[in-house]
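The two complexes that follow have chain A in common; it is paired with chain B in the first and with chain C in the second.
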Partner chain A sequence: MTLLVQTVILGLLVGGVYALMSSGFSLVFGVMRIINLAHGAMIVLAAFLTWWVWDRTGLDPLLIGVLVTPVMYGVGWLLYKTVVARVHKADHELAMVATFGVAIAAGGVMSLIWGTEVRSATPGYFNTSIELGSLVIPRAQLYAFVGALAILGALYALLRGTFLGRAIRASSTNRDSAALVGVDVERTMAQMFAIGAATTGFGGAALSVIYQFVPDSHYVWIGRILCVVILGGLGSLLGAALGAAILGLGEALTASYIDTRWATAVPYVLIIAILLIRPQGILGGRLRTDGVHP
Partner chain B sequence: MSTDAATRRRVSKRLIIALGILFVAAIPFLTPSSYIHNVLILTFLLAVLGSGWNVISGLTGYVSLGHSAFIGVGAYTAGILAERWDISPFIVAPLGGVAAALIALLLSLTTRRTRGVAFVIVSYAMLELLGLITRNWSSLTGGSQGLLMPLPDWDVRFHNWPFYYALLALLLLSLAMTAAIRRSKFGLGLVAIRDDEDKAAGIGVVTPVYKGLAFMASAVLVGVAGAIYGYYVSFLTVSTMFDIVLSMQVVLAVLLGGRATVWGPVLGAFIVVPLAEVTNTSIGGVDAGAWRLIMFGGLLLLVTLALPKGIIPSVGQLLEKRRRGEASSLTGARLADTTLPPAPASERAAAGQGRSTDVLRVEDVTVQFGGVKALDEASLVVPAGSITALIGPNGSGKTTLFNVIDGTYPPAQGDVVLAGQSLAKLDRTGRAFAGIGRTYQLPRLFNSLTVVENVAAVNSRPHNRIGSLRRLAHSSVSGAEAARATELLEFVGLGEYVDAKATDLSYGQRKLVELAQMLMLDPEVILLDEPAAGINPTLLQRLSELVRALNATGRTFVIVEHDMHFVLSLADRATVLARGKVIAAGDPNEVSTDPAVLEAYLGDDFVLETAVITDEDATIGPRS
Partner chain C sequence: MSPNVRLSRAVAGTAAAALLALISACGLSAEEPDAQAAPSTEPIVIGMSLPLSGPVADRAKPGMEGYQYWVDELNAQGGLLGRKVELKVLDDSFDQQTAINDYTRLISQDKVDLLLGTFSSDLNVAVAPVAERYKYAYVQPSGGADEIFARNFKYLFFAQPATTQKLPDRFVDLIAAMPAAERPKTLALVQLDDPNTTQAADLFGERLGKLGVKTVYDKTYAPDTANFDTIANAIKQAKPDLVINGSIAGDGVSLIRSFQKIGFSPQQLYQLNTPTDPGFPKAIGASNTEGIFTYLAWSPEATYPSNTGFVAGYTKQFGAAPSEDAANSYTAGQVLATAVKAVGKLDQTAIADWLHQNKVDTIVGPLGWDATGRPQGDMLLGQFQGGKIKIVGPESAATSKDILFVKPGWK
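So, the complex of A and B:
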């Protein structure tokens, strides 16, 4: 019983971090209908930046994550202007292939800069935990979880409460109508994409503390993110949070009760299963598509 | 363009291909350099992989990011069996192909409900999952230790020649297969699925069968090639056999060469592999791998941005433009003002002759979208051999009713009965075979096919037995199917356009092609969704004549239309929908003067006014 509760706690803590990592991806898909396969590479890039600064300065990695956030905003802006704004016009599969090209090239760049050794940031609280009776709550996971929730909350408030948020939602519902009522759609898209990228700042920092990583880790991370958003229903932020919790739990339970070696297979199995059984995800609704076809 | 010149071009093309093959086959004798042999072996491998990828991703439109998984499946199958049975991997290589084809068949099952970007994700997940299984199932595969293949058992004088010729033979086989698929009715169906899968299902393309076959075709030779490649590298590891970078290279190679072309994958492979080898030797060291990733990732991005069509189609377009010169296209030419040719006979109508019952009955169908009842216990009766009009204001549920009849939407309640049989359990293709054919308000044609191919892609009979699958091998551009398609196109007045691209047609002409597709399908009931919308009066006149002539041969029509003059002059029955409910049904003239109908169309105010105008004026005229 204790093992089960312990596993659930660990799974949910990690799920919170997954939710943050997937939020930017889901935002971009919801608004632009682009599957950004470079999102995993952005997370690993943020992890490397965090690790690198931590290695030099010894500052708290999660705090560094806050500093990395504006850097990732800039990276996102650049990626949008150079690539995404162009591929947007190609068909969706090709656009996806283009972002995959970016991911692969980014993996190469990271290997050149930081090498291929296994990295991980290990602050003072690394490997220490809070004990509640027989339950153990690792501090790193807990802090990462709390930080992720705070940033998710800020993102939600931004989308709901500001003009930019309304412009993003308007553009996502109908580009042309948004332009008609005075929204600068192109600018809004760029800001939205950059915000999506900025969420990887803290996400990458959390990664660098909780996990070990190499440049090639981006393949694994994009797998996890795809799993989360497919579980939740593509484009749904709330769904992504739910999907993240399910994936975190699934991995933790598999590691505890089956074998840690199979935990890495969980995202892929879930992806295939959910697309076979309920392709619209858990919360994704089915849009009405008429006989009228554009 | 004279046929003479075309024949000459074809002959010279074949000659060039034959010489090219001879040259490549002679290379081992021309140069002893094992470096060159190695580069060519890897090139053949990528070209085989590319040809396979091209079948599902180029022709069928399911873009795969995990195609190298079939290399791994083939290599590990052959490696494990060769070890167990202690025989040469060459002998068990075909079993590697079989294993790959079986996995591909499983993958095709996921496409029943996923397409577009979701499939790209599935293909990636498949590659990673198969790699993980191979790594974790170490008792069978050697896991992270790897699997050692037996040493080649032939005389050292033959070098790597067996690998070289085996992969070359596989490449030629792959090319022959792609060419054959492209020329067949099967290939037409695949392109139809790529362009518009729902529409394809509605004209009798049995999409699960087509996709299953296409996926197996795309994997089988890749699996064999994987087995040979594994033997060649002599040591199998998960990271080299289930390599995501190889998957990416194959996408790059085919996009670069030209998707859906026979030679695109070969051209692409001959660019990508030598490029990789050159960078490998010129950079070297630990950074070589990183630079290769940067180069290929960047190239992939560049190709999708700057050359999405690929080299072969782009060059082909240029040449075609130059050859055609200023020759005027047929598009926009006036409809030939000729009398209508005799209407083609309908096998179905002939078989059902003398049946006086209602051929189609929609019984109390309800469809709900969230809180909106798009259809509220709507019923429709269509007598055999009739022209039934289905009218109603915008948003009244007419097209939704069509979507229920053809199986696009499952109704929350109610049933659709065709010739006494409920259609509830049938999917779209099943309904097409049972006898439901429909056109769309905005015509949906397969844009990468020619006009005659659009019609020839139609399947009027199901593949009940395995033997009937042979029909898929029929040629798409000659033979009985194409002849029938041409005849039907001549009937609807598009005889001059048979070889035109579907995209080159005007809006009205596209509607006529859809009508020809319906004649090819030869269903019990033809549903026409707003055939008159947006077409000119001459064409409208022609359309009336066509429908009348076809109706005279015993064909049954249901027409959704806003042009009241057009539809009521044709129809011998009318059903009126408003807000999802049937508010009137019966004789067209009576229905058009029914006060409830007038109210639905024009609102309460008009009903008050009708009280003071004569009955004759109160009929609904054509809306301008």
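So, the complex of A and C:
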């Protein structure tokens, strides 16, 4: 029984980390219809920046993550202006290919700057846990889980409650009409993309503490992020949270009860399953195929 | 289509075919002259493909440095056969198919003079057939799994004292020497999916089983596993006295960290490969290394003739003492260089024959091979004591008389 409960706890905590990583991607994917395959690389970049500052100053990595967030906002803005905006106008799917290229290039650049050694940040709590009887809750994962909730909540509030949020939703529903009512569509899109990138700041900091990473780690993470978003459904933050929980639980339960070797296949099995059963994702609405495309 | 277009297409097609034929003819005829002519001032090129990026990059780096140091030392002493030696290094990112393509390219297109082996059993098992097919002597520093040597290759040589088959010997002997009441009762085997580690796990399970140690957990994990918490938790629930982790690189560190998080410290922990990485004490905390067992091919304190010079020279060039990976690469270089010098020419078959008939003095002692390339020596058993690895077996090579039979808990 303890094995089951502990496995579920670990699975949910890992799910929290996945939700943290995927939140920005889900937003950009769902609201702007842009598949940013460089998202994983941005997380790894944020992880490197966090590790680099931690290595030199000894500040808490999760706090450094808060500082790295505006840096990643800038990186996202730059990426949008130089690559995504240009290709998105020509062809929607091209943004996916272009950002994948950026991801590969970023991996190479990070190898040149920081080398290929395995890195991770090890603050005092990185390998300690809170004990509840015979159950343990690893601290680093718990902090990342709390951070994930905070970020998802903030993004939701942004989309629903602010003018920027309404402008974003308007621009993605119908670009031309949004422009007619006075929304600066280009600027709004750039801001949305940059906000999506900014979430990788804290996500990368969490990565640096919980896992070890190398410049090529982004391949591992983008696969999981895609699974979470496809599972949960387009444009739904709650869906991303749900998808992340399912993936985390799926991996944990598979590793404990089926076979450890199958644990790394779980994201892909889930993608295939959801596409067969319910292609729009658990909480995704059906896409309108009539009407004007954004 | 108009007749003009059809005609011009036919002309273009014929011209293209003729051009292709011409190019391949040039390629083919170029093979003859190189074999006959012996430009004695041109450098000897040694080709290799290493996993410099990807999951084992942190272990490939000291391995590469070992090769680098060997080549620099060789050139400083006059090179090989009076010629300078150059390394041609490709990066396969720890992918078998890329490694195969790389070595095929090095041999058939770049026509390198000699080869040196890559790192890990996983890559070597794929590359060895390539070298064998092209009849190139293949001395490799780091693939010990039995399946590499099970194919009766004549050109394959392993530059460590023993293959994976003999890896468990020292540790099993240690357990056997303990009084039955004090031996660990239960065993957990957890290993990465690699020919070396899975074979070692099977051997450990079988041989310790005969000593009355029951296996309560035996699982293999994929190389790209990032999260070990659930695995660590499952092991904790199984309550083993002894954990043997067949790790390759960073996965060993991740597992130990997960053990720390989950709050589980086994009475005895034996880890393959990972503990000999220079960054290991820093990665898990120097005080946490106390009592961890591992195996080594090489000991920095061994008094073989070339060893002291190697340790001193390497430390001077790289500013840090050499590690097991660097030593393995250096040994491979030593073996190849000795054979080439003895034979006196770059004749792959003569080199392979000479190695089968002779022993080579290296930093891990005299190495000799059987007909399939298996070395005939024994590995060393090491244990972390006071933050450093000490050799605790065999007695003749031991640098510490004490053995910690119970590992302290995590700090």
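Throughout what follows, the second predicted complex is superposed on the first by the 284 of 294 C-alpha atoms of A that agree within 3 Å, B and C clash if a C-alpha of one lies under 4 Å from a C-alpha of the other, contacts with A are read in each partner's own complex, and residues count from 1 in each chain.
The criterion applied here is as follows: contacts are C-beta pairs under 8 Å (C-beta built on N, C-alpha and C of every residue); 3 or more make two chains touch, one makes a residue touch a chain.
Treat the numbers as computed from the prediction; the structure is a model and nothing was measured.
Under the clash rule set out above, the superposition-derived model of chain A with chain B and chain C contains a clash between the two partners. By the touch criterion defined above, A:261 reaches both chain B and chain C. In the superposition on chain A, no contact is made by A:32 with either chain B or chain C. By the touch criterion defined above, A:111 reaches both chain B and chain C. Once chain A of one complex is fitted onto chain A of the other, the partner contacts of A:194 are absent, as it touches neither chain B nor chain C. In the superposition on chain A, A:276 makes contact with chain B only, while chain C stays out of contact range. With both structures placed on the common chain, the touch criterion links A:44 to neither chain B nor chain C. Once chain A of one complex is fitted onto chain A of the other, the partner contacts of A:72 are absent, as it touches neither chain B nor chain C.
Between chain B and chain C, B contacts the larger number of chain A residues. Here chain C runs into chain B after the superposition, and of 19-27, 163-171 or 307-315 the stretch doing so is 19-27.
Counting contacts by the rule stated earlier, residues 111, 116, 259, 261, 264-265 of chain A appear in both its interface with chain B and its interface with chain C. Across the complex, chain B meets chain A through its residues 61, 63, 65, 109-110, 113-114, 116-118, 120-122, 124-126, 128-129, 132-133, 136, 196, 244-245, 248, 251-252, 255, 286-287, 289-302, 304-305, 308, 369, 399, 402-403, 408, 440-442, 444, 529. Only residues 35, 83, 86-87, 90, 92-98, 100-109, 111-112, 116, 219, 223, 226-227, 230, 259, 261-262, 264-265, 267-269, 271-272, 275-276, 279, 288, 290-294 of chain A touch chain B when the two sit together in their complex. Residue ranges of chain A in contact with chain C, taken from their complex: 2-3, 6-7, 10-11, 14, 111, 115-118, 120, 122, 126-129, 131, 136, 138, 140-141, 211-212, 214-216, 220, 251-252, 255-256, 259-261, 263-265. Residue ranges on chain C touching chain A, taken from their complex, read 52-55, 57-58, 60-61, 93, 190, 193, 219-222, 224-227, 229-231, 233-234, 237, 249-250, 253-254, 257, 260-263, 279, 283, 410.
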